[in-house]
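You will see two complexes here that share subunit A, one where it goes with subunit B and one where it goes with subunit C.
Our next item is the complex of A and B:
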């Protein structure tokens, strides 16, 4: 059977297309599985379980924060706050703040996470700057 | 195709790609409300035991938003912690002026009365608290003891009877 006849065979083409689709779908999930799971947890109306949130944290926080994946880290920070894992949330907000230093809000979120984690002295240094008290003292 | 059309198409394509790259890909969230930051900053200072800094932040917050009565009540407690009892009383009175049934402010006045040793204020605050929270046995007990210690036995007796279920 030559190539042209093979292409004309519907069954062969069906199998090839199905395989192609499976590889695409599998590859997509393999690459973006963690992201998909994070978005699912982030959009859930019920509070997600802390274990699920920590699993997402452990897998996603391994990657480097850049401007292109900042949204993923923001979703992760929000998720960690929802399950009240304040130390982990603080770590994520610190990374987000470092990746977008011109933005003030990640710094605010970091400050509140540190406060909620009971790390008052660390939070205080950020409060002083956010409230412009450092400038007044100088 | 006209050469000029091609040129403009290329320029537009480059501009579009440039805009897509230049536009930040991260979410733009609104800046934090300064009042909220001041409130949290004041609470943070309180947690650190820096009551004077907490008082400064509460006052700064209340300057702009004098009707934030929760913050005013917290300022009252910070003032008590800093030993500035008369100023604390002013804050609790201010809340009670707007919300006469605010039990937390009456508790603040009770504490202020205890710190300054004002027996009449203690009794007044306890009477109001018992009126507002009649099921709180601990408050009624404190009031009965206070009345007893001041020699107001008949009034103390009424509360003791309630406590003993008589």
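Our next item is the complex of A and C:
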């Protein structure tokens, strides 16, 4: 059968599209498996186990933070805070703050994480900076 | 020479010019905002590539508007008698049947001239054809410089003061020379170009809607609107066919340019450089064959694109000496138009890439950007629509871009890398089946768009991205591009009648007589399409399938008597007392075939094309849309209907109705009828025969001095006639739109 006639056959195109869609779905899960798992953990009402959170941290924190994937890192930061891994959370907030320097809240979260991790001197530096900027804006 | 008048009133012209300026201002503001606030630092290359596409769009739009600044309308001066005219038909690989039609068309042009076949293949059958039809036959020993070389050789061995050129598939109207030679009264005029038109309207590059009277071909905007507008800037150009040249002008520049594969544009630039003038006569005076398959369509596009772009290196219109500033801009616009492949590729791919990679070419998609984007998009669409005065059909043009983007991208890259382009002749005739290779770029794009939309949906579903606006815009444009690609694939793969030759649409009366089981069946029917091999025949009595039928075709002033075989009945058209059959002619002599071809080209085609000529302006259509349509229709609309009719005169005139209402009818005749004249007409309808008196209300030529469209009102029809007319107008006729 001619290729062009094959394209106009609804059944053939339906099967091809279904197959293609399934492959894409599988590919998506393969590529974004960690992010999907992270979002599942973030949405769960029970506190996730530290092991699960650290697994997510180890896989996701390797990738580069950009403005378009900030949500994933924010979810990771929140998750790490929930399992009280403050040092890792501080690292994530530092990455988020670097990717979106015009935003104040990641630096606020960084300050709190550093404080909770017992790194008071670092927390103080960031906190003073934030207060200074706030005063200037006012 | 008479000074060309503006194509419209001053107020309308100023309005359109204001729209152009405003649209460009909005575009420029948008581009400035984009550059200052929305270049994404996370994806600088992607962002700048997309910005280039938008910038390219702005330059294209500005050049388009510049060309359309002041459309003009020319009235042709009468052709002076006694000019020495040579007609050239260059041919290389074309089929002899195709060339025969062109030669016949050229020979039947009424202004005295000599016709030459310029055969670059040196074929004996073409020499015989020339001898049979009484035209010159020229061959050359070498084939250097393809078509341009062929034309230059003919120039060197003929001596006419004016040279007319037709491609091997372009059949002129009989009055072609009468309508164009008058412009040469002005000694400065080097050439007169007329529009190119394609008669095979069933080709995939033409969109045809008979009911709405819409015919769109991607060349129409250029040939019917842009070229006449460029004429204002004295920068209309020779388009390869359907043009008349002054020999002196060609001699002045050393003949047709041979340095590029588009000798037409290059020759025009050289003529303008020498101070000659060009004229664009915007009247359909010849018709050719559009590429019937995708492969040849792409070959043609590639050749035009490569040839036009190569002009930048051969004789760059921006800095070559002798051109005026508007001419430089117009010719640069012509070349620049062929660079559209790359930006289109960027536009088509970007949204899907954006969804797949989460790299945004525009960032942020915030409210300040969105409202500016909305205004920009609306202004550009509306601006183009208004300025194009009904010629611009954005969806169809985008569809054409979708079909061409890959070929044009290839042409751009090849030309910029200075790869040598070859003059590949487009083969004409019945097209090949579409191969998957030809539509691979569109199929790849469909795959990419499906992936992009699914990817975006999954990201939204799993909340991997919460940038709803970015995802939404990306998914929308990916969907639009995927739809365009799917439409393009559907268009080129659509099953079409793969006839050996195109059948012309139009109606003519046909007398038929056949032997059926119950005795002899005879009557007057209507042919709704025709070529030299067969026709569609509508009758009001059943004909036997597979049997011989005697036919008498009323081809204007001539009558053709022949036999045919009824091959099949058109099932969808079968209704009570009306039948539509496919009829194949028996063996026709060359003279009979020529008679049919001549009628098709000089009578049926102009009448058919005339249906699509009349266009109301955008504002008028807008006003009509707001008007109470029911009231309007009650007074004006007639039912499009093809019924055989006989106008009682001496001799009786056989015709077919074009439209009919309870108050009157329209039909075509061979000679003009005086307005106010009373006559009797007999109509043959499925519900009976109708003899009625009419009064001629208007009469105008549809193919100059060959066919006239007549509008007539019924004069006090009796009650039975009224009943038949009411029945006719109330029921949808099976071939009403034929």
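Please note the rule applied: the second predicted complex is superposed on the first by the 110 of 138 C-alpha atoms of A that agree within 3 Å, B and C clash if a C-alpha of one lies under 4 Å from a C-alpha of the other, contacts with A are read in each partner's own complex, and residues count from 1 in each chain.
The rule we apply is simple: a residue touches a chain if its C-beta (ideal position, glycine included) is under 8 Å from a C-beta of that chain, and two chains touch if they have at least 3 such contacts.
Computed from a prediction, not measured in an experiment: that's the story for all the values here.
Engineer: Could you look at A:21 and tell me whether it touches subunit B, subunit C, both or neither (first, second, both, neither)?
Structural biologist: In the superposition, A:21 touches subunit C alone.
Engineer: Examine A:84 and indicate which partner it touches, taking first as subunit B and second as subunit C; both and neither are also allowed.
Structural biologist: Neither subunit B nor subunit C is touched by A:84.
Engineer: Who does A:67 touch here: subunit B (first), subunit C (second), both, or neither?
Structural biologist: In the superposition, A:67 touches subunit B and subunit C alike.
Engineer: Looking at the overlay, does A:100 come into contact with subunit B only (first), subunit C only (second), both, or neither?
Structural biologist: A:100 sits against subunit B, while subunit C stays out of touch.
Engineer: After superposition on the shared chain, which partner residues are touched by A:4: those of subunit B (first), subunit C (second), both, or neither?
Structural biologist: second
Engineer: Quick check on the superposed pair: does A:32 touch subunit B, subunit C, both, or neither? Answer first, second, both or neither.
Structural biologist: A:32 sits against subunit C, while subunit B stays out of touch.
Engineer: In the superposed arrangement, which partner chain does A:58 touch: subunit B (first), subunit C (second), both, or neither?
Structural biologist: It touches nothing on subunit B or subunit C.
Engineer: Can you give me the overlap between the subunit B contact set and the subunit C contact set on subunit A?
Structural biologist: 67-68, 71
Engineer: In their shared complex, at which residues does subunit B touch subunit A?
Structural biologist: It comes out as residues 24-32, 34, 37-38, 40-41, 43-45, 47-48, 50, 57.
Engineer: Which residues of subunit C touch subunit A once you look at their complex with the stated criterion?
Structural biologist: Residues 40, 42, 358-360, 363-364, 433-436, 439, 443, 447, 450-451, 454-455, 458-459, 462-467, 470, 489-490, 492-495 of subunit C touch subunit A in their complex.
Engineer: Report the residues of subunit A in contact with subunit C in the complex, numbered from low to high.
Structural biologist: Touch list, subunit A to subunit C: 2-5, 7-8, 17, 20-21, 24-25, 28, 32, 35-36, 39, 43, 66-69, 71-72.
Engineer: Under the touch definition given earlier, write down the residues of subunit A that touch subunit B in their complex.
Structural biologist: 67-68, 70-71, 74, 99-100, 103-105, 108, 111-112, 115, 118, 120-121, 123-124, 127, 130-131
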